[in-house]
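Remarks on the structure that follows.
Chain naming follows the written order as A, B, C and D, and within any one chain the residues start at number 1.
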Amino acid sequence: MPSNRAVVYLGPKQLEVQKVDFPELVDASNGKKIEHGVILKVVTTNICGSDQHIYRGRTQMPKGEQLGHEVTGEVVEAGRDVLFLKKGDLVSVPFNVACGRCRNCKEQHTEICKNVNTEADAGAYGFNLGGWKGGQAEYHMVPYADFNLLKFPDKDKAMERISALSLLSDILPTGFHGCVSAGVKPGATVYIAGAGPVGRAAAAASRLLGASCIIVGDVKTERLNLVKQAGYEVVDLTKSTPLPDQIEAILGEREVDCGVDAVGFEAHGHGAEADEEQPQQVINDLMGVVRAGGGIGIPGVYAEGDPKAKTSDIKKGKLLLDFGKSWIKSPSLLGGQAPVMRYNRGLMNAILWGRMDYLDDVVATEVISLDDAVEAYRVFDEGSPKKFVIDPHGMTRKARSVTAAAKVQIPARSSAKATR
Amino acid sequence: MPSNRAVVYLGPKQLEVQKVDFPELVDASNGKKIEHGVILKVVTTNICGSDQHIYRGRTQMPKGEQLGHEVTGEVVEAGRDVLFLKKGDLVSVPFNVACGRCRNCKEQHTEICKNVNTEADAGAYGFNLGGWKGGQAEYHMVPYADFNLLKFPDKDKAMERISALSLLSDILPTGFHGCVSAGVKPGATVYIAGAGPVGRAAAAASRLLGASCIIVGDVKTERLNLVKQAGYEVVDLTKSTPLPDQIEAILGEREVDCGVDAVGFEAHGHGAEADEEQPQQVINDLMGVVRAGGGIGIPGVYAEGDPKAKTSDIKKGKLLLDFGKSWIKSPSLLGGQAPVMRYNRGLMNAILWGRMDYLDDVVATEVISLDDAVEAYRVFDEGSPKKFVIDPHGMTRKARSVTAAAKVQIPARSSAKATR
Amino acid sequence: MPSNRAVVYLGPKQLEVQKVDFPELVDASNGKKIEHGVILKVVTTNICGSDQHIYRGRTQMPKGEQLGHEVTGEVVEAGRDVLFLKKGDLVSVPFNVACGRCRNCKEQHTEICKNVNTEADAGAYGFNLGGWKGGQAEYHMVPYADFNLLKFPDKDKAMERISALSLLSDILPTGFHGCVSAGVKPGATVYIAGAGPVGRAAAAASRLLGASCIIVGDVKTERLNLVKQAGYEVVDLTKSTPLPDQIEAILGEREVDCGVDAVGFEAHGHGAEADEEQPQQVINDLMGVVRAGGGIGIPGVYAEGDPKAKTSDIKKGKLLLDFGKSWIKSPSLLGGQAPVMRYNRGLMNAILWGRMDYLDDVVATEVISLDDAVEAYRVFDEGSPKKFVIDPHGMTRKARSVTAAAKVQIPARSSAKATR
Amino acid sequence: MPSNRAVVYLGPKQLEVQKVDFPELVDASNGKKIEHGVILKVVTTNICGSDQHIYRGRTQMPKGEQLGHEVTGEVVEAGRDVLFLKKGDLVSVPFNVACGRCRNCKEQHTEICKNVNTEADAGAYGFNLGGWKGGQAEYHMVPYADFNLLKFPDKDKAMERISALSLLSDILPTGFHGCVSAGVKPGATVYIAGAGPVGRAAAAASRLLGASCIIVGDVKTERLNLVKQAGYEVVDLTKSTPLPDQIEAILGEREVDCGVDAVGFEAHGHGAEADEEQPQQVINDLMGVVRAGGGIGIPGVYAEGDPKAKTSDIKKGKLLLDFGKSWIKSPSLLGGQAPVMRYNRGLMNAILWGRMDYLDDVVATEVISLDDAVEAYRVFDEGSPKKFVIDPHGMTRKARSVTAAAKVQIPARSSAKATR
């Protein structure tokens, strides 16, 4: 059995790359041996904004657990009940763990599978959602593999575009789901709150969906600059100019058709309050700037139980929302995790046929080694506009030379600081 | 020019049936003469729960204004630009005033028309929404008549079912819209908050949509009894048994597929708090009892500016909602007024073909004279389980004898009191 | 191992109930042992109109094969990879064989599964579609059982309504799918071609979906009488009165919103040609009588290769359709087998909550023994308005006494003849 | 009153630019004076493939009628009932004439308006559909102007992109409608039959909708070359290689997700039969190459009454279609004219925000004078890969210099011949 190493959570802002057990074909939710799973040799495994919630101690997570839920890998072992995958297949792993046999999975709601977590209708790797081991590791186990995995039809072609394809496990479908939930369609005008990786993926997704004016707002200059360079509109929320005024200056109208929350519960205020956490800020912004009859998608994570919540209401997941005010505008709010499987095949095809060549630019992926992962968490936490892709076995080297040659160094601390 | 009388608002709990001007073909939003309107002789005009918000001084309304927005009538005069209606046509008036020419109207969003109210994207009769005169009157003006009005194909057949058809102007499409927004479809399980007329119409609408288990909750016993007798399940929110437990006792599960808020901002608490207003109670209840992946429709009215709001947050239309807690369940919330036109033709056909013969039973319409209107407001405010239909010209007399013979007396005060 | 008996096809109009092998957990499409299947003790197994195509030698079928695809049963054995079903569970079997792991299954298109038939993207029991054994037997094997089977939540309650629930395996979802494909919704007017079991189930499905005027057409008087007694409108296609005239006499309009083809390729002409097969008759009728912007659902079976086809074009599956003529009406045609799983849970709930109590009346199920099956095929072929439900183990006896006491005799030949 | 000139049909292949009456505010369907119309000074008016059907004598058209239905113009006069447009507004005219007041218009089915043509539920300018005058003229009348017209928000910005925006009146929404009807969405693979202007617009529309592999087929080399240069895949139907083989060579699969018929009833055969008309060829091709569960959109015109039809069946609009063969694949066919209004606002925004800068390249618009129109019809009929945009007043001159400088000459006969 080969050795294995993984990013392990030891407490807030305390991570370590440690030797860990090689994954086993065992159901994390009940400890039973399973035959429907596969073991993957991890090709890429990305660091996500929701990992940062854990890193900062904002989402409850037992110490000693492996992190990571954005995995692309190669099948190295398959259980008896895996019928349609074989060793050597290159696959994308949706971050949702799903059984494919419950009512919700059958209805394309893999984000709320009823069979993979005894405590809630939702499972994910590397979270406190069913106990499934995190995938920032050299090897990773995926249950219900025939159902969960998306196989790339041509391995070589996929490796050529691996940095974009690695986003299929989470942030691209998540950004896309936010847009779909918000009703983005050809010609729509869109405001995306948050210029982090999900917000930037949402910007690219809006473009794929045919949106016209795509505006991204954030409080972090370096992220906004990246978005602007990639050809989208931006609003700087540290400014005292109110959001509708900033939108009007761009669009000629004070409201957009669609709003996407790519921030979640660690939202900040605007202007003078841009340094303060205001967990209801983004949703209220969206109810304000989305026109009557428009739509709001909320893929950004909200939760109860944040140990650092400012008030007991917030700790209980209660938010003071402008719903009463906006009711007359026929509001539509759709929240929750993305059902990755609903979208990943189409997005894969869009990438493989060169229809999203703008994706890498706006997401700014940077491939790093597993050993650099801890430092990458730190830099990302400081506001780096990079999307870090861990390549634990050095398998993407060739790809990197094709897509983004010089992006291999982690930004030095000094430059990272400049992102604030 | 014939005389005209109407229900006029003189202040909280102060109404009077007064002589008023005969309606003119004038645009209420800008005072200009219009040729696209018609004058109707009112056949029926109902009292609505949202009239009660005004009656109780909870929705801002200038004194001296006519009330009423649920009108069915006969065309007695048509402007020169009305092309497809003629004198004598019997029509149902959607409560939304809509131009039929703006983007929203073209997209079947007549509830947020952009051209009929200079202050908001929404117009209605007898509200503070564009200044359009209320229709609890003998005569009523409807602008953009070709667009707005639904003509009954056979006048005699329509008069035979006029008590059910009179509900097409508002509460049946409103209840139906709540159900559609909540995703009600064949086999769905539904919880409807509120056993008032809209809630009861929503129960009937759920049935038309093929729902399986339909549960209605309220704090008013008499309304719940009516619902129960009509063949639906009920939960009594004055009980200390928590709502999910009451649902489980009926359904065998603690969650439903779909939730409908037929209450709005004057919501009350549960159990010991059933006498207290808790404006966020219903929406939070629904986020709790609707299953992951289910839907929530909110046709109940929410607003800002309630002069009697308990807190300044509530006055501003801010509600403390369990959104953070329920985000993991992929919540879907759709609020706002019903776009009546999207549904009224289909619902008319369902009524005319006898597919909703259960409607009258659960809504419990009672036809009254215009002179009885003020008393009806009072009785309704006290919790009467009746839906009052004003017949200002006595035109439905024949119909009444067919559908609901003995329902003509207004319940005496004593029995009305028993509803609390 | 228990013995087993089944209805076996020996050639056109030649069936026999024979001893057959007890089912094995083997993949019919490739002969491999499987662990994802279950063996069912068959509770009910119905005779379907598509079985009749085989019976009459119109659909290609190897001699010696077992017939039947409408099975409800009790789990008596489960493979090692079946995780969510156990012995004793009472389940409904969708007639489609589906893997739950291919793209189509994941997108709720279980009727075109890519993994269960090496010759086409579609599998079914008792057809020439993947070699899966027919279920008109005492015992029946279902592969991918966790995915395919719908478990009844309460076995006793289910047995009380077993005659209606037995229709969940095919004709109720099939009729429902036809209606959904045709766009049936509240208030819609519907014309259903064919008063056989699927057409009658479609009538009930239309009602569940809230349709207003539901018209069923056929050439068989006894079937039309049954439909009429159950409260639907009928048109008699043996009359010389053209179909639009007959519809106008009922509806007051010559066109309906929605059309459903519940006949398929063995369609007959009208009036003087009612005895002749006209395979394009029904689709052309529907393109004629469905209004501009309406919808046409075609669950009726069309195929190529009918050995008795009148022309070589028809044999090749070519139909002379009025598409050019009706193009100006924005036609919408959706054909194909029903994806049963998309609908069966909702329909089950509607039945269990008493929302389809009209179903048994219009479908006219009749429970028979396995030994009576051959005679039932013959009677059904002669136009009997019964839906025959085979109960091979006598397990429904109690149920029968509850729902439809006296329906146990097969109609005598003489009365059956009278149906022509 | 200013003078007016227009392209007038005098018989097959006989057109003339003649002096004609200045348009009046009169309802073409009944001759009555109307107040809801406007007169436009025509800025652009394009020649369409459906004009070519008339030109070739294939669609019935009275001699002496004006042609043209793709108009963009400036309001110069407005009737009393026009409330939201004023002189000087620059507007796009959907080719469908629609009342905005009938059931179909209210449901976004403006292509089948019930009030603008006494002979069918469909009206259009310059066709035999209600008698509305063609718009290849200097001035043009539009009824129900508030409803029908799309106003460009900024006139100067619109004039800068006028060649693309001129396509909003028909071919871009028509191509887009074909794609939407076929279910094109992000990642979908698409086969578009026909490389004429609608097919090319459909290719661009597919791209806007996020399609991955977009393949266009035709028998005309010059058109295919244009499509190829613009970055799409092509199949040459004059080759003897079967269509599925050609698709497989491009895609690696023999079937696509979506098929669009951008040809209609003048379809040709393949390979050796590429010179012969085969009116059912395209629809049968699509049923063959679209995968099970995929979709087929048919915006290409089909009709009855073609005087040059090869058989009496075809003349009656009867087509010999492979529906029986493809039924097992769950076919979905949606045909008919595009409801332009459903799409034109979104497409306008996509153009104005630079999201369809690839549109001009693939459509290859060429602005010409009204006097050149007759020659342009001839050249287009010979297979020119140009989309001719008539500018009767020379108003786009400035625009032309911006977008496509040197495209002003009509191709000489010799080069046009080479397209065969």
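By our rule, a residue touches a chain if its C-beta (ideal position, glycine included) is under 8 Å from a C-beta of that chain, and two chains touch if they have at least 3 such contacts.
Remember, predicted model here, so these are calculated numbers, not experimental data.
Enquirer: Work out which chains are contact partners of both chain C and chain D.
Expert: Output, common partners of chain C and chain D: A, B.
Enquirer: Could you quickly compare A-B and A-C and let me know which has more C-beta contacts?
Expert: A-B
Enquirer: Go ahead and note the Å separation of the Cα centroids belonging to chain B and chain C.
Expert: 41
Enquirer: From the C-alpha centre of chain A to that of chain C, how far is it in Å?
Expert: For chain A versus chain C, the centre distance works out to 44 Å.
Enquirer: Going by the touch rule set out above, which residues of chain B reach two or more other chains?
Expert: Residues 107, 345 of chain B touch two or more partner chains.
Enquirer: If we count contacts the way the header does, which residues on chain B are in touch with chain C in the complex?
Expert: Where chain B meets chain C, its residues are 153-154, 176, 185-189, 207-213, 252, 343, 345-350, 352-353, 355.
Enquirer: In their shared complex, at which residues does chain C touch chain A?
Expert: Against chain A, the touching part of chain C is residues 35-36, 80-81, 83-84, 99-103, 106-108, 115, 146-147, 341, 345.
Enquirer: Going by the contact rule at the top, pick out the chain D residues touching chain C in the complex.
Expert: Counting only chain D, the residues touching chain C are 104, 107, 109, 111-112, 120-122, 265, 279, 283, 291-293, 298, 301-304, 313-314, 316-337.
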